[in-house]
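First the structure, then my questions, so here it is.
Letters A, B, C, D, E and F name the chains as they come in the text, with residue numbers starting at 1 for each one.
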Amino acid sequence: MKSIVHIITPIITEGIRSLDDVDPFLRADLEVRHSLIKNGPASIECAADEALSVPGILEEAIAAEQAGASAIIIDCMGDPGLEACREVVSIPVLGPAQTCMHYASMLGQKFAFITVLDQLKPMIDGLAARYGLMDNYAGFGAINVPVLDIEERIDDVIEQLFEASLHSITKSRAGAIILGCTGFFGCAEAIATRLEAAGYTVPVLDPIPLALHAADALVKTGLSHSGSIYHKPRRKALRGYSLQGFYDVANS
Amino acid sequence: MKSIVHIITPIITEGIRSLDDVDPFLRADLEVRHSLIKNGPASIECAADEALSVPGILEEAIAAEQAGASAIIIDCMGDPGLEACREVVSIPVLGPAQTCMHYASMLGQKFAFITVLDQLKPMIDGLAARYGLMDNYAGFGAINVPVLDIEERIDDVIEQLFEASLHSITKSRAGAIILGCTGFFGCAEAIATRLEAAGYTVPVLDPIPLALHAADALVKTGLSHSGSIYHKPRRKALRGYSLQGFYDVANS
Amino acid sequence: MKSIVHIITPIITEGIRSLDDVDPFLRADLEVRHSLIKNGPASIECAADEALSVPGILEEAIAAEQAGASAIIIDCMGDPGLEACREVVSIPVLGPAQTCMHYASMLGQKFAFITVLDQLKPMIDGLAARYGLMDNYAGFGAINVPVLDIEERIDDVIEQLFEASLHSITKSRAGAIILGCTGFFGCAEAIATRLEAAGYTVPVLDPIPLALHAADALVKTGLSHSGSIYHKPRRKALRGYSLQGFYDVANS
Amino acid sequence: MKSIVHIITPIITEGIRSLDDVDPFLRADLEVRHSLIKNGPASIECAADEALSVPGILEEAIAAEQAGASAIIIDCMGDPGLEACREVVSIPVLGPAQTCMHYASMLGQKFAFITVLDQLKPMIDGLAARYGLMDNYAGFGAINVPVLDIEERIDDVIEQLFEASLHSITKSRAGAIILGCTGFFGCAEAIATRLEAAGYTVPVLDPIPLALHAADALVKTGLSHSGSIYHKPRRKALRGYSLQGFYDVANS
Amino acid sequence: MKSIVHIITPIITEGIRSLDDVDPFLRADLEVRHSLIKNGPASIECAADEALSVPGILEEAIAAEQAGASAIIIDCMGDPGLEACREVVSIPVLGPAQTCMHYASMLGQKFAFITVLDQLKPMIDGLAARYGLMDNYAGFGAINVPVLDIEERIDDVIEQLFEASLHSITKSRAGAIILGCTGFFGCAEAIATRLEAAGYTVPVLDPIPLALHAADALVKTGLSHSGSIYHKPRRKALRGYSLQGFYDVANS
Amino acid sequence: MKSIVHIITPIITEGIRSLDDVDPFLRADLEVRHSLIKNGPASIECAADEALSVPGILEEAIAAEQAGASAIIIDCMGDPGLEACREVVSIPVLGPAQTCMHYASMLGQKFAFITVLDQLKPMIDGLAARYGLMDNYAGFGAINVPVLDIEERIDDVIEQLFEASLHSITKSRAGAIILGCTGFFGCAEAIATRLEAAGYTVPVLDPIPLALHAADALVKTGLSHSGSIYHKPRRKALRGYSLQGFYDVANS
């Protein structure tokens, strides 16, 4: 049985995520699809950005399931709309932050979450609390490079990620590192190598490849999220959005 | 100094909330304003409904502050959009669930949350976790009356609320009761009276009046939410919504 | 309906608290009364001092209720006698530490508690644990100025409070600051202004004004502490104290 | 080296505790002394009773240390004045509830606390929270026999204690039982025997004998409570109490 | 790249686990190997049984890695020797209980653990605490069928598992069910089907297939457990066991 | 009644522990016995070492009980085999880490654990979690002296232990210090004296003397671990070990 994993990148900006990114992680019976949202923000850096992305995510998720996907990944480390999405589709929906936090707990007991902006800490704290993982959350780190500068300053970014990781391992006793930003895709190996050279063989989790294989594992074992926790919306009027099959169009 | 508290009811259905509801709780230097959202669902009963209400809440919040409000209450016991709202306005934004959970903890150490639908429990659990109040959360109860039937079956509703409250007090050791649904407005006194008759002088918290006076207390003491936790969105393109002052219009 | 809030300062030293302090926070329908305790210590700086203040607090609380007060505030950041007081009166009794910890959690998720003596930390830790708020307790700070020197070294005190607050915000990720000493009354605005200048718009909670308006909110919404948690004492003999109405005089 | 353990019974009622009670637990190098408090309530059943007993406990504790005691036990399952007492003496001060909760955690992972009055639950919950033992606190049980009737209805009491214990073991998964009332002294063996007959070899902790030997263990290993947590009171005026050596007499 | 997952069944009894069990879950690039331990108990039902299985598990793990395995699963729901094993091999070692508890948390927020013997509860509680997942642990259930009778009473077993699962979902609010015994292999689908018929679409996790694909996900993403948490043993003498490469033989 | 406490040192290396060590802590009615394990590692420094010591500990524990011991202490700060041992004997079995963590919580609210190797932190974290004491666990410290060098560098060791203790008290707010290594036996007094000189009267717990007297307290009060938590192993075949009375010999 082939797994078809659909990645929803919850922004309107083209070109940040491409299917090339995940190519090295594919296998014979695993297909990946991808889409952006139609309405929403150019990037996600705060709770307001997140909120404005979720209606668009719901639309993409419903469409993906109808098109035959066997699982969905929401491509943002804030896991926006994870609960809401699970209410409108039956196939498994994965948040990369949730997936990484659980896998990192398995591999290293306590994890550090390293991302771009320092101000994201309350959001990440909130996710760890919501997922019941505060006891395994060793710490949060941020580098000082704007997202848009990541690509052209990639060496500097990797150096700073290495240093933030090392600090989390030695000072906060983290046993695993979660790379908390889309822009860090592909940096995991370089960081792990530097940590190894510094004497620390510590797993560095790259969210999208891991979420991809974790989703595949669910498909192969026939599991999805719980219907006793995520209930289908009761049919009602809705104005300003089009989520056919769940909501009726309200007059404006 | 007069406090102007703006209540945003985050649904498109008119007639459920009116200013008459809060009239008995006004005082000379406290004014209340009210609005519905323009786009969104007819009611809120799940995470998808919530997600579809938040963009509309953000619009109302920005407009309310511009119109001179001194505080905002989001009129829904799921506190939808609380964090996002606090990023786009400087005046205090209160969620009635958060306010009730904290006040109930003060008055009765542990609280029970009584609402209409049993399936809301994961959402309420999530709020208690997000607010750091799991240790004070004695339990959750639900009655078996559809929201739309509340008004015409009000005696039955009060009887069931009394019984769920009594059960929480005697079995789950709750010291305070939170009425967790807009439709229960005005029932608190009747329930408290029955509990008193049953031997339990226990506070029953009616969310909107309490949030109103808690907001007033913030205005009078010059306090608002934290700028170190809730950051203004960085300016960027946004498609499909109009939040002028924060986002630029993206081409579609 | 007028609220009458009675503030009990649980020491025998006159002149530290006056009604002038709270004048700026009054409103038409809010009256404040004040008393010291008759027996007890000159100041409260440890658990023994606290213990020696509580019998006197109970006497004042009973008298205040009999004199028509609608709520009571215990004017000490250790909230001495809060539970015991709630057993002997029916009107709401507020502890300023409990009130501030809950409001600060609402406004800033995690709070820091800044006070005079470093050795008070275990007592404040104990309060946060008792109130179920350990998850929201970001940290504790102390300045190095003796209480009796506060007034004459006020500029130095404000500077040190600002620095301790800034440290809590940047290092411990506090989202709100609680001023944990009677002597800091009136400093909140100056500290908030300096924090603002340093780039942090963070609420600084002045305990007595906040407790005053939180008490007023309870009176206006008809709420008090829970009779299922705080039970009236069963009548019995008591030697050495006079708490008529609750205890019989024992022979000595 | 002989241990001299002084038991302070924090009530004014004579005859409830006698040294005969602890005779079977003595050994060659262990001496027990005993005193009541001079001022305070006839019994302790609520927070107000507790508060009124603590000044008297402080007086007894200071006197006991001056008379050569090597450790002090506060003979009440609410551990009244434990922190305050530790500030005014250097010898170890033990609370029987604290001692039992820790020993029961060691022996049975999770403990149940069985006492007389149902209304004591918030007080016991508060102790477990203050001692950092909420995770090990399996449950609370109460029998329906007034304290004063215990002696004459002792068979009934033992039967009810057995049943409450059995319920805690089978339903709340308690691994150890704490007898939470002075009046239950001497019942532990009878309850353990019945539990054994019912198939459960579960430790039943009798607080005073255990606290006695735990205190002895501290004396023999030269340990006492921490001076970094419990600080000597700073000298100051005190009115209405006489705690010479720590406080100055204030004029009245 | 082919994944080779080695399953160690930590008992000496042949015939309980066969490779046929996992056949339906294989895929082109995933190979499974299997071995029993050489010394140890016939089955694992308590901590002593576990302790006696771990030296044998270490021997198998070292051998499996030397033989080219890319990951190891310890085939017992107590995860015996998980930490120790991770110290002696570099390839990922998975415990099925740890894997299920994390995946169940992802899919259903809170999980119930259903197994054979009621007395295993403290062991499972201990695992949940060790993995930092107490907040997600909704409850424990046990059926009343001896392990050796499972096969011949399979219909009865499924019925009882269904009932225990339903109870956990409706009473303990579990969102996912973990089948906590080797003997339940293959029952997941039947239970899920009955739950579906009863109105609950809830994931039922079969540990070995899930651990197999979770291990495969780690191999495909190049991750293993943390070297900062699991350190290689320092070389030293060992008597009575043969773990060459790590320990020297001590004279007896 | 005489207490006979049997200390099992769970390594094969003679000469590290002698009965002379505990001589100063004996009393008329307390006898101490001692044995090493027959098979196992030369020292314990990681989870694999621990695992290889437990079968030998079980053998010694059974033999000790048969020889008339009234309690057992496992002489290693990782408490290896504590649960398993309690399943095979009825007399109390104490782990020195568990005993110290509970006593330190009683004396100082929060404790620091100071040991030799930094890499032991995850193991100690695991114990604190398993014992439900994370809230009381202020911190972990390690000195930089190899175990085998302790004796000859004892002054340096004491100096470093003092410094690590002082750091825990002043920075991590520990109220009590646990000496976490067999090699530190006898250093407690010197460290406490230096802390006293530095202004901190803080208890420094020496594990073996404390465990000895805590075991004695259990014997004198007739208590042992819980049969509802620690169940006797069900009789079954066992290969490679000889635990007669519990297991049958399996053919090899």
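Assume a contact is a pair of C-beta atoms (placed from the backbone, for glycine too) under 8 Å apart; a residue touches a chain by one contact, two chains touch by 3 or more.
As the structure is a prediction and not an experimental result, all values here were calculated from the model.
Colleague: Rounded to a whole Å, what is the gap between the Cα centroids of subunit D and subunit F?
Modeller: Each chain reduced to its C-alpha mean, subunit D and subunit F end up 27 Å apart.
Colleague: How many Å are there between the centre of subunit A and the centre of subunit F, using C-alpha atoms for each centre?
Modeller: Subunit A and subunit F have C-alpha centres separated by 44 Å.
Colleague: So, what's the distance in Å between the C-alpha centres of subunit D and subunit A?
Modeller: 52
Colleague: Got the subunit A residues that touch at least 2 other chains?
Modeller: 109, 122, 129, 132, 134-135, 173, 175, 229
Colleague: Using the definition of touching given at the top, classify the network of chains in this structure as line, ring, star, complete or other.
Modeller: Basically it's none of the tidy shapes, so other.
Colleague: How do the chains pair up in terms of touching? List each pair.
Modeller: A-B, A-C, A-E, A-F, B-C, B-D, B-E, C-D, C-F, D-E, D-F, E-F
Colleague: Where on subunit E does subunit F make contact in their complex?
Modeller: 12-13, 38-43, 45-52, 54-56, 58, 81, 83-84, 86-88, 119, 122, 126, 129-130, 132, 229-231, 233-234, 236-241, 243, 246-247, 250, 252
Colleague: Please give the residue numbers of subunit A that touch subunit E in the complex, ascending.
Modeller: It comes out as residues 25, 27-29, 90, 92, 94, 98-99, 102-103, 105-110, 131-136, 169, 173-176, 189, 200-203, 205-206, 209-210, 213-214, 216-218, 220-229.
Colleague: Which of the residues in subunit C come into contact with subunit F in the complex?
Modeller: Residues 121-122, 125, 129, 134.
Colleague: Taking the touch rule as given, give the residues of subunit D at its contact with subunit E in the complex, in rising order.
Modeller: Residues of subunit D touching subunit E: 109, 135, 173, 175.
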